[in-house]
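These are the structures, in structure tokens.
One chain, chain A, links the two complexes that follow: it is found with chain B in the first and with chain C in the second.
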Partner chain A sequence: MKRLVSAGLLVAAAAGAACAGAGGAAAGGGEAAYTVPRTPDGHPDLQGFWTNTTYTPLERPAGITKAFYSQAEAAEIEKKAAAVEGEQTEPGTAADVHYDFTQFQLDRSQGGVASNVRTAMIVDPPDGRLPPLTEEGTRRSAARAEARKRAGGQYDAIQNMALSVRCILMDRAGPPMLPGAYNNNYQIIQTRDHVMILVEMIHDARIIPLDGRPAVDSRVQQWMGSSRGRWEGDTLVVETTNFTPKTAFRGSTERMRLVERFTRTAEDTIEYRFTVEDASMWTRPWTAELPMKKTIGPLFEHACHEGNYGAANILAGVRADEKRAAAR
Partner chain B sequence: MRILLLGATLVMATTLPACAPASGQSAGYRAPRTADGRPDLNGIWQALNTASWNIEAHAAAPGAIPALAASGAIPAGLGVVQGGPLPYRPEALARRDEHFAKRVTLDPEVKCYLPGVPRATYMPFPFQIVQSAQHVMIVHEFAGAVRTIYMENHTEPPADSWMGWSNGRWEGETLVVDTKGFNDQTWFDRAGNFHSAALHVVERFTARSPETLTYEATIEDPQVFTRPWTMSMPLYRRVEAGARLLEFKCVEFAEDLIYGHLRKPGT
Partner chain C sequence: MRVLRVVPWILCLVPCALLSAHHSFPTEFDVSKPLTLKGTLVKWEMINPHSWFHVEVKGPEGRAVVWMVEGGSPNQLIRLGVTKNTVAPGTALVIDGYRARDGSNKIVGRNITLSDGKRLFMGGSAPGQPAQ
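For the complex of A and B:
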């Protein structure tokens, strides 16, 4: 190619990415007013590469009663969690049988954590926990468990395995977009009337029209739903419906209505907040919040299904075990 | 909006779907501009031809699955390749014919693999162009395949991939995309036309009217072909109200084919 990569640019971006620690627009107020840059079309500019890698759990851990850790507590928790990941490098341990995440900087501590002093992502209900299930939700959960039992063992067939193992859907693709263990990276591109969010894992591109169109026919059910967006002040608001019941986000049904809010609160931060409404499942809506931090690009192609030797090898291994057991 | 002239152009385009001349730009059409002054190619586009079955000229023929009868048959096409048969090396031509014979099991499309370039462009699925000054994204409905075209900071491909590594530039009205770094796993069509990892594709996207683009792709692959060759076709804007890409996450449709032999017996 004609032009070589500008190493300087990459380094500058990396410096912006790795700086964790600040931990918190979320902690509330106090920071100097930030003026959001604009795209050539005049919209708030959310473009670039972002990560929502975190050690913060969705629900508040048992025994924790406060909404925020102190900076020192949060730093200590990150340090401990990073140490657990680091143990994968210990040769000969049980954790060492898989390839080493730390070797490829896939571990969160090296990849860049979007630090957060919250004790949980869930901010409402105020106890940081998912709301109680409705009667129908309880029934549906039981019916799902029953259906799984009828389908047989997890390794009887590919269809019984996790969606992520099958390369169909990752948590972080969402929506809502929740981080997993690694590659929690996103690229946002904006035009006059669309926003595109490329999720690195399984190359899922969410294309969100901003033109006020109605929702698509309810019979069009999709793994990632169908999204429509609008600007409310400087916040991008994305509403998603038309989910399939198979998506089952934390048990959600096809009636889930999701509203995500993206607000750029600093040069290196987008505050990401989402509210889940699903009257079939939960007795009330619930809301979670986590930061997205600027990271380095580009995103490389994540061809998951095409190289899914893991799923085939797991199934082959279990079949071989069964044969051996039968021969005994 | 420049919709007034549209009627006439559309009629012309739809009466000449597969065989439109497509070589070069339509005289004098100037696309609307994005806010940063580039030709605005944003939108949902789709090919309207039978290149997905065979990029070369072909008569109608029975399909690979006899049970599907007429509904699975191959529709005829005038072909999208400019100038004569594809210039295969002799051993490569034999491999193409073998691909065709075994297409039900060998065609990567059947397995829901990322379709590669240029094949993704003319499959019977729409794709969307999402443009910024730094990146032009091409998002395909089929398998959710995504291409990032780097308009700045051009680099060599860091590794091989299914959809390749694309560097782009504007030449007047035309988006020129130079793509390399492919693996050798993708095909050009269901007829088994194929390439090696040495594939180098240069594509040209040019607006020819508000609702049509001219698409050209020049293919260079000295391991498979004796000379570079070019395909061209018009692409049509999906103009229906509320048009949007829908999900075609086809992995689950291919699972029994790929993993069926590993299912627990009797389940």
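For the complex of A and C:
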């Protein structure tokens, strides 16, 4: 099986990179004598094709108390995880009502995993878990749940469906940019004044000015917020505000402030670290880190909305179920 | 001991993978209506978020009916060299799946097999697909 990135090599590479970044923001360098390539403007060259496909969960699983696996443990976990993904589902079960990920080479082991020895993406709080909600956050979560209940079932109406089902926004774009099961591919292009991050799913281009322009008016709210970038040493720092509450990243509000840090730590690695601040939701900021690994290009079109027969089919299925129920 | 540490993490995998799926297949297709179709490919819509195979199936009275079969995002296959011409119209296919809840001629392609029994796209089985 042709793989886009070599899992074996990546375990070792990610182990080194992850450990290098464990003590704080990885500000380039590290123990290995890696010389970062530079653009004509003198900044680190982050350009190319990258993937953040991972088996590492956002939050540390219950029962795991350490921040890192050994390389052997990480390799074993990835092997088992790949086997679990490759298992055939039981006929006649809801899980079996799906095309086979492996048949379309969409399972993570075939797509190319950016291996990671971390037990969770969240590095702060140190327990690897999201911080507790504020009182307001608890109220907001309850209000959201109540609103969802009032709206009916998740698939009863197009407005009730998740943004991803409606091809509006997917977790790969975020921001923050978190991987899903497949197509977790990115292309970065730099100019003197801008960085562009093309996200394969769902073909969103994050165009980030680096010229120091002010943030947009606070009344402007956008699906992906509004981003401004700057260089801090050899790290690209991107601050994003102006979110809409409709995105609600892990329950976030429109007041979320996101700071992403991109540091090239090896020829095949960008360490991607982000901090979420939303005092309306969480009792403290929280930070996560995951590697982006070099992959092959180009990115392919993911014209989600145009081909989204699924959303209409789901509605047709729900209406048919309702008709049957009414006839009983 | 190591295995015990691994278990909770592994348990998270399957639900996590399902959550990552683009949408609810059991809402679109009926688990109580499994179906096997044998026919020939008319066209493959190599599109996102999910691809669709159009397959002509001869009914009991010889009348041809075209079924739409839902498959996965083609992007990874494209990376491996598969094109829309890789599976030529006229290719005989056997599809196991579940029928649409609304009774239309659509099924989710749980498994797609070529006439020689090989699973489509698996192990370089598609005609013209580069060896993997």
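As a working rule, the second predicted complex is superposed on the first by the 287 of 328 C-alpha atoms of A that agree within 3 Å, B and C clash if a C-alpha of one lies under 4 Å from a C-alpha of the other, contacts with A are read in each partner's own complex, and residues count from 1 in each chain.
The rule we apply is simple: contacts are C-beta pairs under 8 Å (C-beta built on N, C-alpha and C of every residue); 3 or more make two chains touch, one makes a residue touch a chain.
Since this is a predicted model, take the numbers as computed values, not measurements.
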item: First, second, both or neither for A:Ile77, with chain B first and chain C second; value: second
item: Partner chain(s) touched by A:Ala181 [first = chain B, second = chain C, both, neither]; value: second
item: Touched partner set for A:Phe300, first chain B, second chain C, both or neither; value: both
item: Partner chain(s) touched by A:Tyr309 [first = chain B, second = chain C, both, neither]; value: second
item: Which of chain B and chain C A:Tyr55 touches, first, second, both or neither; value: second
item: Which superposed partner A:Arg213 touches (first chain B, second chain C, both, neither); value: first
item: Contacts of A:Cys167 with chain B and chain C, given as first, second, both or neither; value: both
item: Partner chain in contact with A:Arg319 - chain B first, chain C second, else both or neither; value: both
item: Partner chain(s) touched by A:Glu85 [first = chain B, second = chain C, both, neither]; value: second
item: Overlap of the chain B and chain C footprints on chain A, listed as residue numbers; value: 1-2, 4, 155, 167, 202, 300-301, 303, 306, 311, 316, 318-319
item: Chain A contact footprint on chain C (complex, rising order); value: 2, 4-10, 12-14, 16-18, 20-31, 34, 45, 47-52, 68, 70-80, 98, 100-104, 106, 108-112, 119-122, 130, 132
item: Complex contacts: residues of chain A adjacent to chain C; value: 1-2, 4, 55, 57, 61-64, 73, 76-77, 80-81, 84-85, 91-106, 110-111, 119, 154-155, 161-162, 164-165, 167, 180-183, 200, 202, 296, 300-304, 306-311, 313-314, 316-321
item: Of chain B, residues touching chain A in the complex; value: 34-36, 42, 112-114, 128, 130-135, 137, 139, 144-146, 148, 150, 153-156, 158-159, 161-163, 167, 178, 185, 242, 244-247, 249, 251-252, 255, 258-259, 262-264, 267
item: Complex contacts: residues of chain A adjacent to chain B; value: 1-6, 9, 39-42, 47, 152-153, 155-159, 166-169, 187, 189-192, 194, 196, 198, 202-205, 207, 209, 213-214, 216, 220, 222-224, 226, 298-301, 303, 305-306, 311-312, 315-316, 318-319, 322
